[in-house]
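First chain A sits with chain B, and in the next complex the same chain sits with chain C.
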Partner chain A sequence: MNSIKNLDWKLLNTPLVVFLLLFLGFPVIVNLYYSLSEVSFQTLRAPELTGFGNYLTVLTDPAFWQASWFSLRFGVVTAVAECALGLCLAIFLAPLIEKHSALMAPLMLPLMVAPAMVGLMYRLVLHEFVGPVPYYLYEWFGNSPSFLNAESAFWTLSVVETLQWTPFAFLLFYMAYEAIPDEVRQAAQIDGAGPFQRLFYIDLPLMAPTLIIAAFIRFIDGFRVFDNVYTLTGSGPGGSTTSLPIYIYEAFFKQGAIGKAVAASVVLFLASFSVLFGLNWLSGRRKGATK
Partner chain B sequence: MINFLRWIVFGIAALALNFPVIVTLITSFKSAKELSTNPGFWINQPTLDNYVSVLQVTDRLNIFGYLGNSLVAALIGTTLALVLAVPAAFAIARGEIGKRLLLPTIVNLRAVPLIIFAIPLYMMFQWLGLLDTQIGLGLILTIVNLPLALVILVNAISELPIELDEAARIDGANTFQILSRVIAPVCRPAIVTSFIFGFITAWNEFLFGLMLTTSKAVPMTVGASFFFAASGGGVQWGLASAVMIVGALPPMLLGLIMYKQISGSMTAGAVKG
Partner chain C sequence: MSNTAKFKLSTLAVLAAALMSSVTAAQAAVTVLGWPGGSEETALRAVVDDYNGQANVADADKVELLFFSRDGFYDKLQADMAAGSDAFDLNLLATYAIGRYAPYMEPVDLGPDAVTTFGDSVLKTMQFDGKQYGVPTDLSLHFMYYRKDLVAALMADDAAKAKYAEISEKYLGKKLEPKDPNDWTWDDWAATALYFSKDVNAESPVRYGTVLQMKNLLFNMMVFQSLPRSYGGDWMDASGAITVDSDAYRTGLEMYKMLYDAGASPRDSLSYEYAETNAAFGSGQTATALQWNAAAGELTDPEKSPAVADNVGIVAPPAGPDGRADHIHGLGLGLNKNAKNKEGAIKFLKWMATESAALDYAKNGGSPALAPAVVAKIAAERPDLVQLGQFADAYGYVMTGGTSAKALSVYELQAKEFTGYWSGQQTLDEALARTKAGMEELLK
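Now for the complex of A and B:
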C-alpha cells in the first residue's frame, strides 16, 4: 500500500522533472560541452573539443571584468538604495496605509510595468528636446547635465532601477512591520520606551530577517540586470554599462563568439551556484544553532 | 499634523515612483507639433491622434501582432507552469517527495541569471524549429514562472489540514482523485493568484523575447523597443508613447485590480527564497 502511494507521488512529480531536465538540464550539458570546444555558427552542430581555451579568453578579457564590476556595483548600490528607501517609506507610511489600504495600489504600480518598457520610457523622460526633466532643469537652473554619458550613465541607471523596485522592498517591509504584534509595542511603551527607542530596539530587530532577504533578492536582481539597461543605454557609452548578462548576449549575438559566450555563462552559473549554496548552508546552520 | 505629512510623503512617493509612466501618458496625448515646443507636464491641445495611428495596422507597426504574441505566449507560459506545478506541489507538500532536491532547485532558479541557459536554448530551438514561434516563447516563460508558482502552491497545500486528504481516502479516492476533486478546488485562490502573477511576469519578460523571436512571434516588450531603434534619428515620440502605454496597460490594470493578492504572493516568494 505504502509503495503504491509512493509511486503516485513520483508520478505527480514526473512531468515537472522531465520538463526541467529538458529545458534546464540539457542546456547545462550543452553549455559545458560547448565551452570546452571550438565552435562557430558554421560548425554549430559539430563542435570540436579543444580544452580550456574559451575560459582563458573570458578570464583574460578586460571587458568581462568590467562587466562583472558593473554588475556587482549595480547590484550593491541599488539593493542598498531600495532597501533604505523602502524601509523609511514602510515605517513612515504604515499608519496611513493601515487605514486606507487602497493607497498600496499606486505604490505597487511600478512593479507591474515591464523593466524593458521603463527603460524605453526614460529615453523619453531624459531626452534633450522632448524630455521634461532636461526641459525643467533648463527652465529653472539654466543648465541640464547629460544623464547618459560615460560618467553619469551608471548613476542614472541606478536611479531608474531604484525607483522601479523600491516598491518591492517597501512591500516586504510593510508586511513585516504589520506582522509585529501591537502588544509588543504597547508593552515597550508602558515600560517607558519613546518612539525612537521602540523603532531601534523592537521594530528594526524584529524586521532584520526580512531586511536581509529583501537586500539579497534585490542584489541578485540588480546583479543580473538586463532589460532596462539594454533598452535605455544599450551597453554604452563605450561599453561602460555592460552588465554580465549583456556581455554574454553581445558575445553571442553581436560578435558571434559562441565559445566565449558559453564559457562566460558557465562562469556565471558557477558563481551564482556557489553563492546560493553558501547562503543555503549558512541559513541551515543558523537554523540549527537557534534550535 | 504628522498625518498630513504622511499624505505629502505618500503623494511624492507615488508621483516619483510612477514618474516615467506619467510622463509617457502625458506625451501620448500631445501632437508632434506641440511636443517640439512644449515638453512640460501641461498639455495645451490634447489629442487622440497618436492612439488612432497606433491602432491602425501598417507594415512598420502592427501593434495587434505584438499584443497577440504576448497574450498567447503568456497564456501558454502561465498555464503550463501551473499544469506542471500543481501536481508537483501536491507531491512535495503531502508525499514529501522532492522536498530535498526538487523544491530547492526550482526555488533557487529565482536567483539564477536565466541568460546562462539562453544560448543552448537558442540552439535547441533552432534544431526543433521553435525559434520565432509563440509556443517556443511560451515554453521559456514556463521556466520563468515555475519558481513562484511552485512556492505559492506548496505553501497553500501545506496549510490545508491533512484530515481533508484522509477523509477522501477513506471514501475511496485515490491520490489523483484527491488532487483533482479535493485539493485543487480548495486551492483555487492560490492557483488564481499564481496565474495572475505569472501572466504579469510573462507579459513583461524581455530577454528571451529579444533572443528567440525575430518577426512572427515578437512580444510587446520587444516590439516597443524595435519601434525606437528602427526609426534612427527621428523617433516619433507621441506615437512611441502611445505604443508604450498600450503595451504596459494590460499588466498595470491586472495589477491594480489584484494588488492585494499579488502583494501576498510576492512576500510568499520572498520568505522562502
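Now for the complex of A and C:
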C-alpha cells in the first residue's frame, strides 16, 4: 500500500520536477557555464571556459558595489516608507472602508500602472517646462528645485516608488487589521486599555507576521528595481542611480560583457538565497521556541 | 470510408493547403525592421506604400514593416541577430553600430544610382571594412538653434553689450562683444548663454541661456563631441593610442560644467535628452540649444512650438581653434545574413537608392543627405535638407575608431564618466583617466 502511495507521489510530482528542471535548472546550468567563460554576442554558442575571472572582475568593480549600495538603500528606504504609510492608511481608513468598500478601488489604482509607465509619467510631471509640479512651484514660490540631479534623484525615485507601491502594503495591512476579532479589542477596552494601548498591545502584535512579510516583499521589489528608474533617470549621472539589475543589464547589452553580467547575476542570486535561507532558519528557530 | 469522413478529410486537406500557402506567402514578403517613432517611421511607411503600389513589384516581394520600441532598440537588435533571427530581412543600421552588426549581415551592391543620389561621402556612413552594408536613409547631425529676436535685441543695445562684456570677463576671463551666430566661437556661445541666464543676469528676458543634454546616455555624447572636436580632439591618433585625455576634451568638459554650475542650463539638465531639450527650447524660456537636426521641423512649426517658431535661427555648431565640427551619424537599412527573401530585400534596397525613392522619402519627412543636384529638386519644400547637406559636407566628421565594433560602448563609457564629472561626483582628472583606461580596453 505504502509503495503504491509512494509511486503516486512520484507520478504526481513528475510534471513539477520536469518544469523546474527545464525552466530553472537548464538556465542555471547555462548561466553558471557562461559565468565561468569568456563570451560575447559573437561567441554566444561557443563560449571559452576561463575560470573565475568574471567573478573577480565583478567583485573588484567599484561600479558593482556602488550599484549594490544603491539597491540596498533603495530597498530599505522604500520598504520602510511604504509599510509605514500603508499601516497608517490601513488603520485610519479602516472604519471608512468598512462602510464604503468601493473606496478601495481608487486606492488600488497606482498598482494597475506598469512601473515603466510610471517612470515616463514622472519624467513629464517633473519636467521644468511642461510638468505641472515645477509649474505650480514657480507660480507659488517663484522657483522650483532640481528633482533629478545627482543629489536629489535617489529621493525623487524613492518617492515615486513609494507612491506606486504603498497601496500594496495598505491592502495587506487592511486585511490583517480586519481579521483581528472585534471581541479581542472589546475585551481590552473593558479592561481599560486606551486606543494607543490597543494599537501597540493588541493590533500591532497580531499584525506582526503580515508586517514582516509585507516589508520583506517590498524590500525585494525595491532591491531589484529596474523599470521606473531606468525610464526616469537611466543609470544616472556617473552611474549614481544604477541598481543591481541595471548594472547587469548594462554589462550584458551595453558592454557586451556577457560573462561579467552573468557572474554578477549569480552573485546576486547567492546573496538573495543566503537572505532567504537565513530567514527560513530564523523562522524555524522561532517555531521551535514557541512549541 | 463514409461520405462524412471523406468530406471531413477533404475539408482538412483544403484548410492545410490554404494554411501552407499563406505561410509561404508570408515568408516570401520582405520584412523590414525600421527605426520606430518620429519622422523616420512616417517617411518609411509612406515610401513602402509607394513601393508596394508599383505594378512591377511581385506579391512575393511586397514590403512589410516591423518596429520595436526605441528604448533599448540596438540591444534588442543585437540579441536577435546574435540568435540568428530570420524574423526580418532588412534591419536598421547606424554608422556607429555597423562594426557591431556586420558579423550578422551581408554586404550589398546598391547599383550605380546610389552614388548619383547620395554621393560618396554619404554612402561611406554605411560602410565597414570598405564594404557597403546598407542604403543610407537619414543623416543626423547637430544644429545650433538660437532665438533671433533675443540675439538681435542684444546686438542693438549698448547697455546690454556692456553687461555682456562684464559677464564674459567674469566667467571666461576675456571681454567679448556679441556677434552674429554665424560667426560664433564656443566662447561667444558660452558668453551668450551666460548673458541670457537669470542666475547670471537678473535682467535676462528668458530663464536660461542654453539647454545642455547631459543625461548619462550615449546619444548625448554625440551632441557634446563637436565641442572638443573643434579644439582638435579625437579618440585615438594614427598609432592607435587613445587621446581622449587631451586639452581639447578638458576645454569642452569644463565649459559644459561651468555653464551648468552657473545656472545657464536647466537644473535637471543631467536628466535631459532629445525630448526634454525640445520642450525647454520650445517653451520660449531658453535662448540657445545645440540639438539634433531632426528637431528643426518641430521647433520651426508654429503649431508645435508657438512660443518660438517664428524666431528660430539655425546655424552650424560654433567654431573652435580648429574650425567648426559637426558630428554626423547615419541611419540606413541593411541585409540580414539570415534573411528569408534576400532577392526581394536587395531589390527594395536598390530601389531605395534611386533618386525618386530618396526624394519621396524626403517629401514624407525623412532626412536623407542628398547629392547637391538632387537636393536642389526639393529645396523649396525642405530647406533644412539643404543646410543638412552643406553642414555635413563642410563640417561633418566621424571620430577615429567611431565605426568599430565597440564604438557604441565607447559612447556609453564617456556618458558615464563625463556625467560623473559634470554632476560633481568625480574630478576632471579622474573622469578622463577612467575614460582613457576604458577606451584602451574597448578599442585595443
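As a working rule, the second predicted complex is superposed on the first by the 275 of 291 C-alpha atoms of A that agree within 3 Å, B and C clash if a C-alpha of one lies under 4 Å from a C-alpha of the other, contacts with A are read in each partner's own complex, and residues count from 1 in each chain.
Quick note on the criterion: contacts are C-beta pairs under 8 Å (C-beta built on N, C-alpha and C of every residue); 3 or more make two chains touch, one makes a residue touch a chain.
All of these numbers come straight from a predicted model, not from anything done at the bench.
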Quick one: classify A:V130 as touching chain B (first), chain C (second), both or neither.
both
So, A:G236: does it touch chain B (first), chain C (second), both, or neither?
second
After the superposition on A, what does A:P95 contact: first (chain B), second (chain C), both or neither?
first
Counting only touches as set out at the top, which of chain B and chain C does A:F141 meet: first, second, both, neither?
neither
Contact-wise, after the overlay, does A:G256 reach chain B, chain C, both or neither (first, second, both, neither)?
second
In the superposed arrangement, does A:L44 touch chain B (first), chain C (second), both or neither?
both
Taking the superposition on A as described, I'd like to know which of chain B and chain C A:A214 touches: first, second, both or neither.
first
Could you let me know whether more residues of chain A are touched by chain B or by chain C?
B
Could you look at A:L12 and tell me whether it touches chain B, chain C, both or neither (first, second, both, neither)?
first
Look at A:A153 in the shared chain and tell me whether it touches chain B only, chain C only, both, or neither; answer first, second, both or neither.
second
Both chain B and chain C contact which residues of chain A?
44, 123, 127, 129-130, 231, 253
Okay, in this complex, where on chain A does chain B touch?
5-6, 8-10, 12-13, 15-17, 19-20, 23-24, 26-28, 30-31, 34, 44-45, 89, 92-93, 95-96, 101, 103-118, 120-125, 127, 129-132, 134-136, 163-164, 166-168, 171-172, 175, 210, 213-214, 217, 220, 223-224, 226-227, 230-231, 244-245, 248-249, 252-253, 258, 261-262, 265-266, 268-269, 272-273, 276, 280
What part of chain B is in contact with chain A in the complex they form?
3, 6-7, 9-10, 13-14, 16-21, 23-24, 27, 35-36, 39-41, 83-85, 87-88, 90-92, 94-98, 102, 104-106, 108-109, 111-113, 115-124, 126-127, 139-140, 142-143, 146, 174-176, 179, 200, 203-207, 210-211, 220-222, 224-225, 228, 237, 240-241, 244, 247-248, 251-252, 254-256, 259-260, 262-263, 266-267, 270-271, 273
Chain A residues touching chain C in their complex are 41-42, 44, 123, 126-130, 144-150, 153, 231-240, 250, 253-256
In the complex with chain A, residue positions of chain C that touch it:
71-72, 75, 78-79, 82-83, 103, 214-217, 266-268, 270-271, 276, 279-280, 282-283, 285, 406, 408-409, 412, 416-417, 419-426
